[in-house]
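Each remark here refers to the structure printed beneath this line.
First chain written, first letter: the chains are A, B, C and D, and each begins at residue 1.
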Amino acid sequence: MSVHDFWTPFALEPFISALIIGLSLASIWLVAALGLTIIYGTMGVINMAHGEFIMLGAYITWVLQYFLGFPWLLCLPISFVIVAFIGWLVERGLIRHLYDRPLDTLLATWGVSLVFIQSIRLIFGGEPQYIDTPEFLSNVVQIGFLNIPSMRIFIFGMALVLVGLTWALLYKSNFGIQVRSVMQNPQMAASFVINSSRVYGLTFAYGAGLAGISGSMFSGLKTIFPDMGLGYVVEAFLVVVTGGGELFGSLATAGIMGEMFSVFSYFTNDTFARFVLFVLIVIFLRFRPQGIFTPSMARR
Amino acid sequence: MRVSRRNFVKGAAVGAAGVAAAFPQLYIKDHGQAWGAKPWIYKDGNVKVGLLWSQTGNLSVVENDSTQVSLFAIDKLNAEGGIAGKQIEPVVVDAKSDIKVYSEKMTQLILRDRVATVHGSYTSASRRAVMPIIMKWNHLYYYPTCYEGRECMQNIINTGPLANQHSYDLVPYMVKNFGPKVYLVGSNYIWPKESNKNVKVWLERAGGEVVGEDYVPLGGSEFSPVFNKIRQQEPDWIMSTVVGDSDIALHRQFLQEGFKSDKMPIAALTTGEIETAAMGHEAGAGHFLSAPYFQDLKNPTNEWFVDAYLSSQYGGGGVTHYNMEETYLGILIWKKGVERALEEAGGDWEAITPRMIRDVSGNWNGQGPVGLSDEESPEGKVWIDPDNFNIWLKPKIGQCGSNGQFTIVKEAPEHVGPDPFAIYPERGVCKADGLHKPDGTIQKDVL
Amino acid sequence: MSTILELQGVTKAYDQYTVVDNFNLQVTMGELRCLLGPNGAGKTTTMDLITGRQKMTSGKVIFNGRNISGMTEHRIVQQGIGRKFQIPAVFKDLTVRDNLQVAFTRTTNPFMNMVEFGRGGGRARLQEVVELVGLEKRLDELGGNLSHGETQWLEIGMVLTQNPKLLLMDEPTAGMTEQETQKTSEIFNRLKGEHTLIVVEHDMTFVREIADIITLMHLGKTLAEGPMDEVENNPKVREVYLGTEGISDAA
Amino acid sequence: MHKTNLYHDKRAQWAVYAIFFGVLALLPVWMGDDPFTLNQYARYGVFGILALSVSLVWGFGGILSLGQGIAFGMAAYGMAATMQMQYQDPVNDPIPSFMLTNELTALPTVWEPFWNTSVGLILSMGIPVLFFTIFGILIFQARLAGAFVAIMTLAMLGAWYNMAYDMQPFTAGFNGISPPSAFKAFGVEVDPYSSMIYWVSLGVLAALTVSTKLLLQSKFGTIIQAIRDDAERARFLGYNVAFYQVVVFALGGLIAALGGMVWVIIVQYVSPTALEIFFSITIVIWAAVGGRMSLFGAIFGAIFINAAQSYVGDEFQATWFIILGTIFIVVVRFLPKGLAGLFEYAISFVPNPLPAPRTSVNSDIAK
């Protein structure tokens, strides 16, 4: 392997494009990580089945469009609702029994993901599927020398919208106050007649719903197949954990990771970029396990 | 406790020594000798053949069809009377898309089921995982998928195109019709890299040039960094050796990025009917594929093959693509090899060894290598190379239409021969008995 | 008698507020010192600072003539300081015997401990401690199955097993019945003299029972120091606890 | 007769080990000369070794490592390199075939030491242990625990997976390395289809199990369990908790590494799949189902699940992952101690027939 093959020299225009691509990647990772952020940040649950919630969202979109002829945009809210419901069931049936055992939720949800993947494969087969996106999302927007697919702009916009909605929900709504009080002190919250079990259930459902809607969006960009969740979940985890389970932590981390990945892979290649990124995250977590924004606190 | 532990250790040591003394065969006997000496085909039994593909897991998308078409071929042969009156008995195993299981199932097929031959696997990784087992038992493997070549093993017959055959016609055709500048995109593993080395050689002859080269992880679905570089380099066409799910993502994102297949088409080596169906017809339309076989090939044998297969109990997949056809050829070619082996063994079934089937498939008794005629092979006449046991074939170039089917735009006028070391002449020439190196030595089992 | 522990201007400050503020303390060998004060006075934080669990902002801790500030926790423990936590902490999935076994440290080196099967040394010490804390009948019980009082005693026993020069006890009687508290104070009185103890406690009956000298903390500073009666009658203390029944109630 | 559960009786535990390994050792006598079964059981032995490493690190050390595959994979690559170089000829054919076609004209320096089998074996074992030590120091010095460790090991595993297939000239990338001939050491060829391979696999498993069991009965074993229960308490008893955790983590790496080496002797193949995230989590599943707090349970879980996967009928093949996933959910939800925990519960109703061990502190605190 010669050095030149491995290392792409710097050039301004493609480098700027790489930065734009980094934003797009960041928005994809952010959308994938958003639901996980809520679930991890408020409940401390490591949901390994998150990737499969994304996959379910994509398959729901595909089924709605392929069999029932629904337009793609309409599929987004529907898959939010359905996956949120599935998430709620998972929380009811499994996760709520494991709140005091966070490592066990990690493992149990891995079991859930195996069941989901194989069930989908049995029902729909393993073939990759695709969906049709509306005309206005299938073209390219040209700004100067930059060519940006409109679908990526759409996802970028949606990422911001979803972050905004989630922020409003968590920090401005009555429900958000309940969530945060349960987070901080379940006993005290109970004395204010907050049903913490209901709050947990709804929070998990909301997180799952966000995964569902992200699956719907990815179905427009990428392929749908039973294993697709695995391709998102690891990155999503790293975003969430590095971001400290905070909404804006995830926002920042996704941005930084997306840009770093894009720049590394511009200079070298995808695979190597991934290696460098993973190692950097491990080192970062060693020095700031609490995430990028959260102030350091004395342990125990 | 102190005493009992010491006693335990002492007791265990004495026990182990006792066992060792009592059963010397446990560690002395070479089980393999006796095992290999038993016949592989019995006088009054069937001819057993192993089918090693995945029916479950992510590889099942491709490999399940391979199993089905093999069963179809075996049914066809059995209906025609089998091999010299003996019925063929398929032993189907499920490799579960897991490398560990491929290796385990291969030992099972050879050692427990005692099949005479194994057909199977789609990926090079699974082929390489099972080859040490095949070689150890001097068994025989039919591998039906295109691969990179540069191997020279004495226990395998390949019925798919090698890297040197695959793009042989494609590159000059694309250069002539679209221009000299090409961007190479591939999945990040050996076959794409090896294929692209061949592409570069043909490019040089055709007067083309490589303006960029990129590899994405297997299963990767993010092509925007690659398209960023492509947009910058403005190639005339893209050479794709991206496989599987990634290939579908590549074509879909090609559309989303606003590229047009009539301006800058993708010339691929694996984007067949399965992939164009999965990516959506508009994403496949206009792109090119080089393969020895297309479902839409217009000849009586293929028309029979497509009809018979799709209407059989095995044709649920709805397509016949190049890999399935190569698998089908493998079974047919194998049957001819067994017939020759029977003759070589003087009619004694029990004297046939898997290795003998391979040896007689080459240049045997002046009859030339085994092959299939236009009437037998859907892709037209093919035969086994008597030296390296890959296949002689005519590469064809198809352009994908808006229905997901390919129209043949060019067929090689002559058969193109396989040469696993085409671009490594310094390494030697692959012959039936091994790699003949330039220094005159012969190296066996070059893996 | 010589000073075993000396805190010099120990301060722990966060961004907005100071939890321990230029705090000084001198404890002599063999003394039993009680640390009193309302919630938030900085008692537990002081213990954390002595044992290195929290890093102090400024100041110095001298133990046995050696500056131990900045040492890691386990090094400080190895100097001879034992610590019992406010929330009783024992190893729940280990038997009482194993809990004590772990506490008996001849060496803390993991590789030395791989060839240490616990025979011989330490038996006498364990026997002594088990009798002292009265857990003879519970040796095979899992730590997690003990009653609250037993858990407290086990933890005290674990710390005692190490035979530390200085024992830090954070609310050793919290949650105990009157009887249990009585037993605990007996244990403490037996320890006095042989060991140096610093006890944070709220139960004034218990304090009266055991204390030689008490140090009363308020807002991270020493408010008063001396024998119980003296402190109770200190005008500054009365001022701070104005309107209450005195420190007994406030603590 | 006394009231302690027979399950916790050390003598009963050693007896079970003796019977288990004794029966396994005699198995080839029944199996006769069936090379398939010998090979397959040898594979199960490796799965048992991997589960053992998880049991030590997670069950007793409290460290959930989803990256055991790192040690397994590194050692597997080391072993494959050793075996590949045994096949190569220093004069006529010094460079493995796959390297020649990756534009390498000389053997890479990192491959040079593998000419020597002993050095190769030491490196295969030593490099994973060294890496786990460094990685462990990185993690445990920072006092990370629980899910953080899980995620970090997962990320590290992902990084190595990518590395293994990106460094194609050195690792043969995705296709993997298949050494064409069997492993030879000290004049003996380890035929992967003979009772020899069975002995090697079982021997390593038995030796590691017994050593781990002894380790757990040493004071070190009690201390790491104490750290698992309450790291802070252990720290304030004077233990350098991070040091202990690093040692446990590295020992887990060593066990997994030995598993990787035996694995390659059996299958003569290694590829990045050894470093797949899926595989590493599957190992954890085996240990969890069998019972992570029991070495024997974890080994049993690994063998049981793999044998089930090999031998369940065709009608279950398609639903296998649903079955596995469901078993896993049920175990985590209802049986945190796995099948071993179930057994522990069941046997608590059986009176202990053994005489009571001397329990008073006076007599013997040793276990």
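Here is the rule we use: a residue touches a chain if its C-beta (ideal position, glycine included) is under 8 Å from a C-beta of that chain, and two chains touch if they have at least 3 such contacts.
Keep in mind it's a predicted model, so treat the numbers as computed, not measured.
Peer 1: Pick the pair with more C-beta contacts: B-D or C-D?
Peer 2: B-D
Peer 1: By mean C-alpha coordinates, which chain is most distant from chain B?
Peer 2: So the farthest one, by centre of C-alpha atoms, is C.
Peer 1: So, what's the distance in Å between the C-alpha centres of chain D and chain B?
Peer 2: Averaging C-alpha atoms per chain gives centres 34 Å apart.
Peer 1: Round to the nearest whole Å and give the separation of the Cα centres of chain B and chain C.
Peer 2: Chain centres of chain B and chain C, defined by C-alpha means, are spaced 73 Å apart.
Peer 1: Where the CA atoms of chain C average out and where those of chain D average out, how many Å apart are those spots?
Peer 2: A distance of 43 Å separates the two centres.
Peer 1: In whole angstrom, how far does the Cα centroid of chain A sit from the Cα centroid of chain B?
Peer 2: 38
Peer 1: Can you tell me which residues of chain C touch two or more of the remaining chains?
Peer 2: 53, 119, in rising order.
Peer 1: Which chain B residues touch at least two other chains?
Peer 2: Touching at least two other chains: 2, 56, 188, 217.
Peer 1: At least two other chains touched by the same residue of chain A: list those residues.
Peer 2: 269, 271, 274
Peer 1: Using the touch definition up top, name the residues of chain B that touch chain A in the complex.
Peer 2: Of all residues in chain B, those touching chain A are 56-58, 60-61, 188, 213-217, 219-222, 224-225, 228-229, 231-232, 245, 248-249, 252-253, 255-258, 274, 277-280, 283.
Peer 1: For the complex, give me every residue of chain D touching chain C.
Peer 2: Listed in rising order, the residues are 4, 215, 217-220, 222-223, 225-226, 228-230, 232-241, 243-244, 247, 359-362, 364-367.
Peer 1: Flag every residue of chain B that touches chain D in the complex, lowest number first.
Peer 2: These residues of chain B touch chain D: 1-2, 4-5, 8, 11-12, 15-16, 19, 23, 26-27, 29-32, 34-35, 55-56, 94, 96, 98-100, 103-104, 107-108, 110-112, 124-125, 128-129, 131-133, 135-136, 148, 150-151, 188-191, 193-194, 217-218, 424, 427, 439, 441, 443, 445-447.
Peer 1: Can you name the residues of chain A that touch chain B in the complex?
Peer 2: Against chain B, the touching part of chain A is residues 5, 8, 11, 13-14, 17-18, 21, 24-25, 121, 125-130, 132, 138-140, 147, 149, 151-152, 221-223, 225-228, 231, 262, 265-266, 269-271, 274.
Peer 1: In the complex of these two chains, what residues of chain A are touching chain D?
Peer 2: 1-2, 46, 94, 97-98, 101-104, 106-108, 110-115, 117-119, 122, 230, 234, 237-238, 241, 269, 271-272, 274-275, 278-279, 281-283, 285-287, 289, 299-300
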